[in-house]
């Protein structure tokens, strides 16, 4: 679905997508075209109205591009991602901006709504394509931090389970560790090229972005750096957790073996007693004792208790 | 086999390889010579017709070069690889292009056929040597992505087997892990220098490549970056899988040891009972009981069941 | 709480925060405004008096920025951290400096007190904003070294426990190793961007910093390099400790298994003796011996002692 | 031993080493002095005839330098290594080249013989010092590839033994793995600075090297890159082999433990039967059976076979 | 203790430290002031005579700086370390050099003695401050190689113990491995910044260093590169040793377990025989045999020998 808005003289006006090629010719005008879940017709109309470059359109159709910034004679093409890993393709012209993105999830406020409200609130001061781009990118990047918080929570949960005393399902933990690491990896893969895109914008590679917008984009750049920093941090922590976990598993095995040895020795001790009094020697005084049987049972009980206390003291049980 | 084609005025004409040195002198002419499974004679003819540099020809003869771009006075020499790791040597002149590659596999459409069809379809607009080079490289690099998909499938399969519950042949898994890692390594070794070759083309190191072609090559460059990105991703995931796998093996050993301890204890318990009633004391009341034997068997059954439930509750069995 | 001081002609004068916009207009004047635990009112007043940029103010409000240096038309904005990881935001103007930080911990001398005393002691010579900045940053960075010493102590303690002979709680050690590594990671994350901030100052990116101050900042830069060096050192040592620890755990398991085997063999030997004399053969001479029982017990004692010595000699017990 | 050759006008002439200082003064003349197993006298003569720099001569005397290129006013000094890790020191003058190397191994064709034959064969075209240097370096670097092939064979052998089914001596494998890794490390240490030396030559840091030679040296540079690539490849593969090997050892231990558990359980089962019929109860019907003994033995056989099949089915045996 | 020497016209003259400020004013004069174990008075005198910068003096007082080179208006300040990790602070002026170092160890020739002798021997040719600096740094760096040799010996010793057959104390080996790695780390931390210092000198950042000295310093630079190379080599070898060691420990555990299983099975076999003939069946023909007991013992001996040979053949014993 295509939605086109003009921002003449501090006001907002919805326009027919078919008329935008007219609107963008007017001076002092800013046009923002937002396309959600684009159909082939939508894309053809866009390409036609704004003379978009075929290679850029091909990228839009294929999707799954890396975050990047490309320069064409009459416009620039920028690919970014939301924290939910939805691609947002942005065309930047001298007085217009096009955002192409997946369809909204019904009932959930899309990041574009938030962007629009924020832009229209602050529009009075800065109705430029650079500032609009800033608002879009800032909203995108802000979403990264809440994702980061989620990962932090998961990490803490994993730590508690790994370093805690309670029983754990190792296979589960391994799978979760692996999933969190995979997520961090994907996340980093988005954030790092996004940083490069922003650095290119700050180097003023896109001429239509005014100085004021560059100052603001510096702020977004800074946020991306912070996000990458956090991801790297989490990645390294995960590596440490994996190291610690391996040592803990090894150690648990150590404990199991000690316990095994201890009980084995205790049981074998009692068995030895029964073996001794099961021998068929003619001359074994105890065999004739009235309480001989109880004597033997007592010996076993003694061995068991003494062994238990002995191994307990050595911290093997 | 040598196939030579001329593209004058938007049409296609097959020419005798022996005449190409004449053809390339005509203005506004583009000549493409494709050599599959070159014989020594083919190479000698090529070197003669196009005055190719001996060092470049030596590389063509030796094969197994790294992807690279070399500059000679009258032409450039480029080495690239298909996703199947077949070498493609490319000579680039002001108005001609030579591709040298291994023989076609019969019955399978070669990537050169696809390239030719695509080039002749779009030729009308851009009959330049730069655009022809773009089509060749784009077809090569596009092949990388389907390889990537294969690796992704294998990786997922390995993950399922490693994190799954079913029995697995560890030696198999180790071998497969190793093979996938080796493949990723080789793949990366091709993709990274290919990226550098493209970067050199984008820096316009080869003067015969027009601006329009550079814009298109930017797109191929972008694809190579994406391919490298994916390989790095897979490599890191493989590393994580290997970590997780080691922990899972350790843990499985832990489980085996717990089970061993449990059954050992249960069996030793029963053996102890038989030992007790096998002692030769004169005064052991149970020995005289009518149901003494059953009492002993009952004791063993009780120990077995109780032990089983106890260890079960501790999650050792 | 806002405290504003003027340093005219080598003297110190406290001024009303509401008057600073007047003070900074006087020539040859240096104004230092220190804000601890800023309220919203404090920040509004500051922004008003010094015309601070809204984006910088937003960073001050949000906090948890990375150490960084940002340039605005009329001032620079710098974020640094104390060794205790408290953020210190610094605004640098041509003749004024603002430090914004968390509230002081009562009863503990804050690093700002130390800074002020040191600055006022050396002020006579260098009453410039650059020198004041140097004193602030030098105090901050000096704190890093005492933290480093703490980590060194912990590391030594861990080493002693890991390589020592005494019993240790593995889970504890794992947790501590993990915590120290996490701390080192966080510490590095602060120090590295701080180094970059200082490098930017040394490149004279902030024009109001005089040559003399740059010479002094070089010294701070050097300290940060040293701090990073130490952290990297500790990080690598930690990695080595983790490696060694894993090997030690493995080895301990080896020892437990050897001991288990040894005692198992000894006990099984004695049990075998009892089994032999428990057989019901009619013709077993020993069974009739007067001292047969003692003979058997003696055999067991012999096996036990011989086995013990044998395994002892092999260093298995 | 010193051998001096002049190459005037396309011919070859051996000259007395004492006369070379005369020969090099003639125009259009190329002098090549080759020194094998230099004595102190040889070196003194060289230094005298060519006015070689004392620091360079010190390096020649000390040997074990890193591959490097050094510039002195009247000549350049280059250190390279053969694949067998024999040092070759090369002095490059405007019209002369000196190679200093260890003594030839008798009966083995030295790489210098190959170099000389190749140079004299192609000399007609290019009798320049740059081309002679190219031939020397090309012969050196070509030797690297045969070494690489040897490592590849060893690696394959190790893989087969590690992933194979046959019994292996672990200690041997560990030692071999370690040795191959050490060799790769040393090899890399030679190849990487050699690459840098060649890069310096390509940047035309040595003025006496003509353009034609640079084109040829580019080819050697390319070979070194390929050699480094292969070494890195092998190093990473070795790392993967080590990972896989560790997992395989762990897994083998798992198998041993399962087998141990299985046979332990089976034997304990039979022992339990003997214990049961070894009890001294008065009323045990089986004891009176004619075939009671066979019944018990049958029970044991049944337990053994059933246990065996059961564990077999679980893949524990 | 301060020792000041002048080198006018190729001779050596000791001067009173209080007069050096006079001496350095004379043209064509070189002054070298060496301070060992400086007292506060010594430092004050130095600062006074040579107008040394307070920040540099602060570094001298604090010690434990990183190797570095700092530029002050009238002199440069350089920090280097001996192989024994003793700091040497060097001030470089237009015609003077100051070395500040720890006190000499009595009875041991200090590196400064060696430096002085060497300098005075070669002084005739090059009496410049640059050449003096070269001699000092060359002596320092040469010491690094003998340290390297020590590490190499230790490494070889560790290898022999780890890959050898003899019994080893694992805890000892772990500790030694760790210590060698720590030493390598510290060593690298000194060598790398020393390389950077030398690179700065080669870039002629200190103007008083003449071209001849730069040529010589190039040689020292080369030595440092070689030292770093060796350290990196050793570090990587240590990493490989650690890997191999872990595998060897694992494997040793495997062997212990196999042996345990083997002896366990053999003993259990004999025990089973005793159990069988300990059953109380009325009808067991062997019980009545004259040689029944010997038959049973023979069976056990047979099981033991057969089992031993069987496990031996499987290489489990």
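Note that the chains are named A, B, C, D and E in the order they appear, and that numbering of residues resets to 1 at the start of each chain.
FYI, a residue touches a chain if its C-beta (ideal position, glycine included) is under 8 Å from a C-beta of that chain, and two chains touch if they have at least 3 such contacts.
What you are looking at is a predicted structure, and each value in this text was computed from that prediction instead of being measured.
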| item | value |
| --- | --- |
| Chains in simultaneous contact with chain A and chain C | none |
| Mean-CA-position distance for chain E and chain D (Å) | 26 |
| Cα-centroid distance, chain A relative to chain E, in whole angstrom | 42 |
| Where chain D touches two or more other chains, by residue | 246, 250, 253, 257, 260, 264, 268, 271, 275, 278-280, 284 |
| Circular arrangement of chains, read from chain D onward through chain E | D, E, C, A, B |
| Interfacial residue positions of chain A with respect to chain B in the complex | 53, 55, 58-59, 65-66, 68, 70, 72, 167, 170-171, 174-175, 177-178, 181-182, 185-186, 189, 242, 245-246, 249-250, 252-253, 256-257, 259-260, 263-264, 267-268, 270-271, 273-275, 277-280, 284, 286-293, 296-297, 300 |
| Touching residues (chain side chain D, partner chain B) in the complex | 159, 163, 165, 215-216, 218-219, 222, 225-226, 229, 233, 236-237, 240-241, 243-244, 246-248, 250-251, 253-254, 257-258, 260-261, 264-265, 268-269, 271-272, 275-276, 278-284, 315 |
